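For reference, the structures are reproduced in the following blocks.
Same chain, two partners: chain A is paired with chain B first, then with chain C.
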Partner chain A sequence: MRHPMSRGLLAAFVFAGAVAVTAAGPIGPARADETCQSPYLPKITGQEEFLYVWTLGMEGVGDQSDKLVTIDVRPGSATYGKVIAKVSVGGRHEAHHAGFTDDRRFFWAGGLDDSMIFIFDVHSDPSRPKLVKTIDTFVKDSGGVVGPHTFYALPGRMMITGLSNANDHGGKSALVEYTNDGLFVATHWVPDGKDMRGATGNGADGYNYDVRVLPRKNVMLSSSFTGWSNYMMDFGKMLADEAAMKRFGQTVTLWNLHTRQPRKVFTVPGAPLEIRWAWGPNHNYAFTTAALTSKLWLIYEDDAGQWQAKAVADIGDPAKIPLPVDISISSDDRHLWIDTFMDGTARLFDISDPHNPKEVYQKKIGAQLNMVSQSWDGKRLYFTSSLLANWDKQGNDNEQFLKAYTWDGKQLTHKFTVDFRKENLGRSHIMRFGARSLYSG
Partner chain B sequence: MTGLSNRRARIGRLLAFLLTLAAAMAIASAAANGADDHDRRAVARIAAPPLGLPPVPVPADNPVTAEKVALGRKLFMDRRLSRNSTMSCAMCHIPEQGFTNNELKTPVGVEGRSLRRNAPTILNVAYARAMFHDARDDFLETQVFGPLLARVEMANPSVGAVLATIRGLDDYAGLFERAFGGPANAHTLGQALATYQRTVLAANTPFDRWYYGGDQDAISPRAAAGFELFTGKAGCSACHLVGEESALFTDHGLHDTGVGYARETASDESVMVEIAPGVSVPVARAVIRSVGLPPEKDLGRLEVTDDPDDLYKYRTPSLRNVALTAPYMHDGSLQTLTDVVRFYDRGGVPHDGLDPLIEPLGLRDDEVAALVAFLESLTGEAIDDLIADARSVGVGG
Partner chain C sequence: MGRHGALLVAAALTSATAAASPLDVAFPRTDAFDFEAPAAGTYALPVIRPAADGTVLDEQGRRVTLHDAMDGKLVLLSFIYTRCADPDGCPLATAVLYDILFFSEQDRAIADNLRLVSLSFDPGHDTPEIMAGFRGAEPKTPVHRCDWAYLTTPSEAALRPLLDGYDQVVRKRYDDAGRFRGMFAHQLRVYLIDRHKRVRNIYGLGFLDPRLLIADVRTLLMEEQRQGRR
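Presenting the complex of A and B:
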């Protein structure tokens, strides 16, 4: 169940330089589990055992605080499909995304509101994560970045995207780098109209969202969402606010991974969010989805070795703003799951020709739908419901769940549901997988 | 009215003299206490306001000193003064955005909670005779507790909690003592914040140099034509007053323009939503309601007085620096100055309570453009200095 690459080899891989090693060689391609993780992580190739769900505290529900919820997904376990642990961090911080350190021993989870970062030990007892450290100096450390979003493992480092800033709560932001020990390293501001920081391209806006790397090409991509004022705002109020709707990211930025220098800014209108690189050793492309314009975009290296961006498919009916949110690429690069929030639907696209993706399957999961995680073999998928505390639906449609399904290549089959409201947990957001075998050898 | 005006003028001249004297003493005192250039210039602005502004009214019990300015500025910019350290005064009154927020019709507070009304600018707030859009407070010194305590703004649970926060911050050690001779309390907290805000003055605009300074070339012929319309055919100056020696462009009164009525009675089945630059799609109200709380009602001044005649009445804002303070009206519903001029050209939103001063104007397009050019001539000369002044302190954590 554990990836054969030992940590010693991983360290060698790091210092030898990712470009040379990842392409081929005795240790094979560097892959991570659940298909959307950093390539620097050890992976679970078989059955995941635990789901860690970073959950937003919800007024009127339980202790109203953000918490890390652990769900048992071991087949045959007496507690299969049940909550087996929860760690409340106290208070609401707009829990959102989270990620493992490159040794997969610690799990960093962020709060988009007050920029708190909570670090959990997931290796001592993977069934019961423990809160071991809190970073409350993210804004000060970074020189004014607000809203730690993606936590992405690089060798010995945690690369964190910020969504906003402490001067105006707008969208200008940066990537912020820490050591695995929680020491601040550097802030890398996203190019904007005033300072391109050496990058080419037009329309740079300084906005930020996700970050993903392709080490063998020495490139890193970042996408763009919106600032604190918008992502914290009541969704309905924002849609009716013409001024606010002008404040969404319209760019994807290509960076030099090693030097952290921005190289090229692509125009990708309508808030491009999650980025997923293909896994194949010769697949030099990534996908992203523009949330507001409901388009699937391909970022690819062309025959001349130049990086390009183009829209390759509509997602649902863009006129209805289905709002594509989380996406998950299969490990064979043939399929891409795309969740659309407004209609609560999971959509499967055939991306075997990345320039011509086609929707081949869809299933309504709930009244609202945000995150999707799939196992490395693509046979198990997990879905959660919450987008942002003030963007989730109102009334009965404000379902909060984790739903587990199996995928047989033709259809999704429901396995279990955890109702996060009935369980007094809150709003379920990002899921990550755990397994004891990661730490047993 | 004439007698009242004369008396006000005499009081104004007396105030100006006293302030000049006080400012001179404050500058000397500040130098002794290590106040920096920003503080000294701020005090000097109060003593000698830029061209076009009258003397600054300052409460007798809260004279301006450099130490108070420095402390008030630090408090104004400090995010730690909100319940969860995310919101400062400056997060809604953003220096680079005209000391308001150009990116939102109405602001959001702690945990993203919704406000009903547009953030008014701090620029020249020293002259406001009543605070908030519904004029529910008379003094800057007491106004500050509104946002500090409002659940939808900075959400502090009590005044005592704010003071406890300040007492717990090492970087405030000695600052209240130096400015007020004693520790922080509700009185001095209000006085410090009011003092800083009183120094945020912006005038000596192209209009001021043209109208009060005698520089015939300071504004364009189009802007000059706009001024003729402003004080003539368009009738704007009936509420946005222009004096012989200075202008605040407000009557300090409250009026019903129909904006409040329109907000409360809107029945559009869909809203155009911009999903990318230049790309908008209609979104059904039902969809918007599905992902948002119902907007709170806003009845204007009536909420303060319970007087039915005050329904949908809001304060007349100054028009100084108006080119910097979009979006416009008390609910931020108009995005550009052209939108605003056209709104009044249409005669506001007709309904029973509409202020009789507002009626269709019959403006030609070139007249609309001239009025906009005039409004754009009202931007103060030293905005960058005010921004640098504000940013001379950190944002607190």
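Presenting the complex of A and C:
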């Protein structure tokens, strides 16, 4: 019998192109591009060619509409580091997160304000994505879920987290499934204090944010943020609103992936946001960061086979509220990049002992900093600046950029910057990689 | 082959208890599927999409519709091409269908109500004769187990709406001179289809655990019983 890992969970697509993984051996680093991607995606194992940036329209900037911006990141190209395409979707929808379908042919991008979903064809010409479909029925389809956030590929379908609901625009929300071509499939509400839906644990609040799966263990994790009434509110006004500040998620929920049933609710105070599973074949753990408490959390299976959650490190000085936002795990599970928004700093943690992470490097990237994506080999990193339209800094600190760096194991070296205001683009948010070779050969 | 052998040995050794607890015996928890499989009927399988129909050729070369070839049964449908040499590609899907086939020998409800369908996306090579030859040797002594249809299509034009209808990605691979290499880039997918011709689950790598497939088939059979349709 072949080693189970040779079944190639990571080789979810039977492509044999130069940039796509074909099989993962039983040991050795897992291959991935942005290491946060669904294991079902075909992977770019070499040089990424294009960067897709889902960008918020900004008043007084360009056409003021949300848009998908494509940047050439091919070293040696005449347009390296330049914007080579942009697709405006018309209007401002609070563009936020986006993700590929499991065949990596389409890119789904959401609007947190009006719950619009925009689907781009990225395979016909990866250098020039095309808007091919718009879903304006997300709230109705899902039975009242608002704010499509994470778009996560599962076989033949997209798992989408909602951040809010149409009833009170608070934080109670759900996960929603669609087929790759946009047919609604199902809604799975996050357990709350009134209805645990069969899950165990304390403090269930029904809040939702990110979702990631570990198919080998048949588990799925969801995290929690805040509802529409907060994420669309002016940041300063919200900070002064005592009631609003109580409306943040305090939980991570463990689900049975196959049955979509919640199993256990962990109390993780302070809005745990991004979730990243480790890639190693025996690494049964994930990380998340709590934004308001500035803690790094580990969700892990203990020696008795029970899933647990514990805070394992401070991120910066929690008293200063650095606001950890996006994170990116290296494909060898040794390092975790953590961006802190308020001080605009990228921090590298050594997580080789996941129970005792240590910060080993930091670099200020800009006046504000949100998203980070790394190449599968960890040698190239990309950063963007926008958190939410109403939460970004004001005045000169409202820098909007994409910045590219290389990482040599010791330091980040700047390669190029695209100024999203000067280029009349808007507020730069999530980034994903593209490559022509995914679809040829 | 080792996988099938292990299954057969396990099934033979435990035939007395197989009816009581066949899954745990025949398909142990592995490193690749390191969890307790969910119990059938304890969860719902939402309707994912209508199961597309189209013209196919059976092993005798007769034109039938794919829906007719489903024979009014629950179906596990796998798109394959017989020349696929990637162990994580078509051979893996076929191996898992063999797991289900052998399992059905000890589960009459599955043997009676499930049909396996392998449908080629390489009609230029996979003729009805090739598909008939792809079928493994039948047991010398007939055994009651689920049917398995080996289908192809009369042309690429007939194939296209089926691929589109199931959102099955298949791309021919060409050499530098632009010649078809006889190989395809494709996405491994197996579809569970109910008697109303609706897709109820889609499996890719990481989900092709026979325990999950069997639990899902049984979940649909229990749903039918509850609804009085069987």
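As a convention for this text, the second predicted complex is superposed on the first by the 409 of 441 C-alpha atoms of A that agree within 3 Å, B and C clash if a C-alpha of one lies under 4 Å from a C-alpha of the other, contacts with A are read in each partner's own complex, and residues count from 1 in each chain.
We adopt the following convention: a contact is a pair of C-beta atoms (placed from the backbone, for glycine too) under 8 Å apart; a residue touches a chain by one contact, two chains touch by 3 or more.
For clarity, every value in this text was computed on a predicted model and none was experimentally measured.
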item	value
Touching partner for A:Gly91 - first (chain B), second (chain C), both, neither	first
First, second, both or neither for A:Asp168, with chain B first and chain C second	first
First, second, both or neither for A:Thr45, with chain B first and chain C second	neither
Touched partner set for A:Thr417, first chain B, second chain C, both or neither	neither
Touched partner set for A:Asp103, first chain B, second chain C, both or neither	second
Residue ranges of chain C in contact with chain A within the complex	2-3, 6, 30-35, 38, 42-43, 46-49, 84, 86-89, 92, 167, 169, 171, 173-174, 183, 185-189, 202-208, 212
Interfacial residue positions of chain A with respect to chain C in the complex	1-9, 11-17, 22-23, 39-40, 102-103, 105, 155-157, 177, 179-181, 183, 185-186, 215-219, 256, 258-261, 281, 439, 441
Of all residues in chain A, those that touch chain B in their complex	91-92, 94, 113-114, 137, 139-140, 144, 166-170, 227-229, 231-248, 250, 269-270, 290, 292-293, 318-319, 321, 342, 389-394, 397
In the complex with chain A, residue positions of chain B that touch it	79, 84-86, 91, 94, 96-97, 101-108, 111-112, 114, 271, 273-277, 279, 281, 283, 287-293, 295, 326-327, 332, 335, 395, 397
